[in-house]
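Below: a set of structures, written as structure tokens.
First subunit A sits with subunit B, and in the next complex the same chain sits with subunit C.
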Partner chain A sequence: MNKRRIFKIFLTTFIISFTILPIILSNSSWPTLARDYLFMHAFDETGASNTVSSIYLGYRLIDTLGETLVLFVAITGTMSILLNLHKQVLQGVETQSSLPPEKRAKNALRTNLVEVVASKLGPIILLFGLYVMLYGHKSPGGGFQGGVILASAIVFLALSTVVKTKLTNSNVLSRIESISFLSLILVTTYVVFFPNGFFRNIATNNSFASATMIIILNIMIGLKVGTSLAVMIIAMMGGQHDY
Partner chain B sequence: MNILLLSLILCLSIFSLFAKDLLNSIIALSAISILSSLLFALLRAPDVAITEAAVGAGVSTIIYVWAIRHTKRKDLEK
Partner chain C sequence: MIIERILIFLIFITGFIGLISMKNIIKKIIGLNLLSSSIVLLFILEASRIGDEAPFLDDKVQNIVDPIPQALMLTAIVIGVCVTALSLAMAVRLYKTTGSLDITIIKERLENDC
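Right, the complex of A and B next:
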């Protein structure tokens, strides 16, 4: 290890700590206005006892739509790069790691351990992801978190060749993603026609109906995030994966 | 407890900067995500903890391993 590199790393650390030092040493108290307001009114106005959910699906729906759009654009760019890569470089080369055993290359780093663990853990993680997605308004979690857990469960199912399911087919996954994203855009822009707020949750002041709205939005976001991430990772592991 | 977790995170990040094998750095990064999700859970931010555990330890590790599988091993210093 040369000394120049160590010096660079220490200099970077010093500059970063010097930048955040005023935040640590400052004596001013944290702002409490928004916290108190949310503590008093969040459950009555949006129907979600999880305040984080009530913020990003009740008060700030347009920000959530923008965040989903950012993820959509990122996945689209990655998929276009990956498809070109598969066309140019990997044509005819057996580097797929999600193929059935007889089609797989001999030097692929796969053991029976991966098969067993992935096929046993996959459905359990799928169930847990669905739980986190559906109960985002009550317990910690929500659409994004549940979607990412769903994506890792689908990747586990794609890694194991014992379990045969349609869920690891890229066509099915992209169809689910398109339908959920279309319905998410329709729901979030439909709110414009209602009087109580631009891009805000429709049903306020009625806890039952608004919690239903938050559950529906969570399901849409979770399906979209999960299927798009799963399509991307399955494409990374070797393109189409269909039985 | 927080100090212990933070110092472990610092040690692991220094290790992941200086490790010779990039695969070791990836595993260290994944351990950093798990430790920081534990820290978030202790600091009463369970939403952030779930996100950190799922994204940091799950998906990003898969993507890093894939990127390493598609690159060649090369040493600048002897």
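Right, the complex of A and C next:
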């Protein structure tokens, strides 16, 4: 039985290496046409000096909307699985991470060090996430990256019971998420009524106005991603944080 | 260039073997993450072959890398996060229902229950 299993694993690995190795090792030349076009025109057409930003918020906004929808569906599925679980199995049982420190069991994997470090670092990381989110059009970053940093800051704030903030309340986070997602859908479909093409940036040849559009989209995507990931991680840590 | 490719292939194979041979669900999910990370690395490496500067348009910048695979990989990373979250939630559910993370034990216990 064991030998057969090892043989199966070996055979599958061999077949997958035989399939994937030519793809990884292929040395054909990479096309430079799209790179050259973006290098010449991306700043004038979308107003973002970060070319990655100008692709996913200027030329390919509909892809970003679909990506956000995929994230939304995955978060919804995860939350439905986790919330049913808490209702069925953990009825009346409080998990260790949502209790105040004096009520916790002594063997819980939480020390005062975690409390202090998380409560001090949380606001700083929140500020850094906002910076990455707001400057996504001209420096490395953008909505998704800044949103993930925001989510980690909110998780830090939720880990510490010293800081009392409404930001770790799941209801507040869900409300922020819904509002930002609704406004993202409204803004992306509003662009349809302008003659620049479907899901294109409405302002062209004017770097200030079109960059403003990208900044607004970045803020919405960042808030959406950050709050939805934070809601999910807080649910995984053991349910609601109500203060 | 060939060394990076071989290393990426090794990461891919490590993830794949973890995915198919591990019995612990958490280790399987880690394998899945390694697999998707190797694909992300491969695309970034391919894009960096035609340039040597970050794709931020500036007066001094002359020879940028291809930004399209980077934008694509942004999508891939987000999808990877979604897949990881869903599979972790399912792992939590299976653990609460059967009391184990080992797939053989989970299978036995689920068959005994039904």
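Here is the rule we use: the second predicted complex is superposed on the first by the 210 of 243 C-alpha atoms of A that agree within 3 Å, B and C clash if a C-alpha of one lies under 4 Å from a C-alpha of the other, contacts with A are read in each partner's own complex, and residues count from 1 in each chain.
Please note the rule applied: contacts are C-beta pairs under 8 Å (C-beta built on N, C-alpha and C of every residue); 3 or more make two chains touch, one makes a residue touch a chain.
Everything numeric in this text was worked out from a predicted model, so none of it was measured.
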> Once the shared chain is lined up, is A:A151 touching subunit B (first), subunit C (second), both, or neither of them?
Replying inline: first
>> I'd like to know which partner A:M236 touches here: subunit B for first, subunit C for second, both or neither.
In response: both
>> Tell me the contact category for A:A42 with respect to subunit B and subunit C: first, second, both or neither.
In response: second
> Now for A:I9: first (subunit B), second (subunit C), both, or neither, which partner does it touch?
Replying inline: both
> A:V132 contacts which: subunit B (first), subunit C (second), both, neither?
Replying inline: first
> Who contacts more of subunit A, subunit B or subunit C?
Replying inline: C
> Touching A:G141 in the superposition: subunit B (first), subunit C (second), both, neither?
Replying inline: first
>> A:L21 in the overlay: touching subunit B, subunit C, both, or neither? Say first, second, both or neither.
In response: second
>> Going by the contact definition given at the top, which residues of subunit A touch subunit B in one complex and subunit C in the other?
In response: 9, 50, 52, 140, 142, 144, 229, 236
> In the complex formed with subunit C, which residues of subunit A make contact?
Replying inline: 5, 9, 12-13, 16-17, 20-21, 24-25, 27, 30, 32, 34-35, 38-39, 42-43, 49-52, 55-56, 60, 63, 67, 70-71, 73-75, 77-78, 81-82, 85, 89, 138-140, 142, 144, 225, 229, 232, 236
>> Help me check something: in the complex, which residues belonging to subunit A touch subunit B?
In response: 1-2, 9, 50, 52, 132, 140-142, 144-145, 148-149, 151-152, 155, 229, 233, 236-237
> Can you list the subunit B residues touching subunit A in their complex?
Replying inline: 17-18, 46-47, 49-51, 54-55, 58-59, 62-63, 66, 77
>> Quick check: in the complex, which residue numbers of subunit C touch subunit A?
In response: 1-2, 5, 8-9, 12-13, 16-17, 20-21, 42, 46-47, 49-51, 54-58, 64-68, 70-71, 74-75, 77-79, 81-83, 85-86, 88-90, 92-93, 96-97
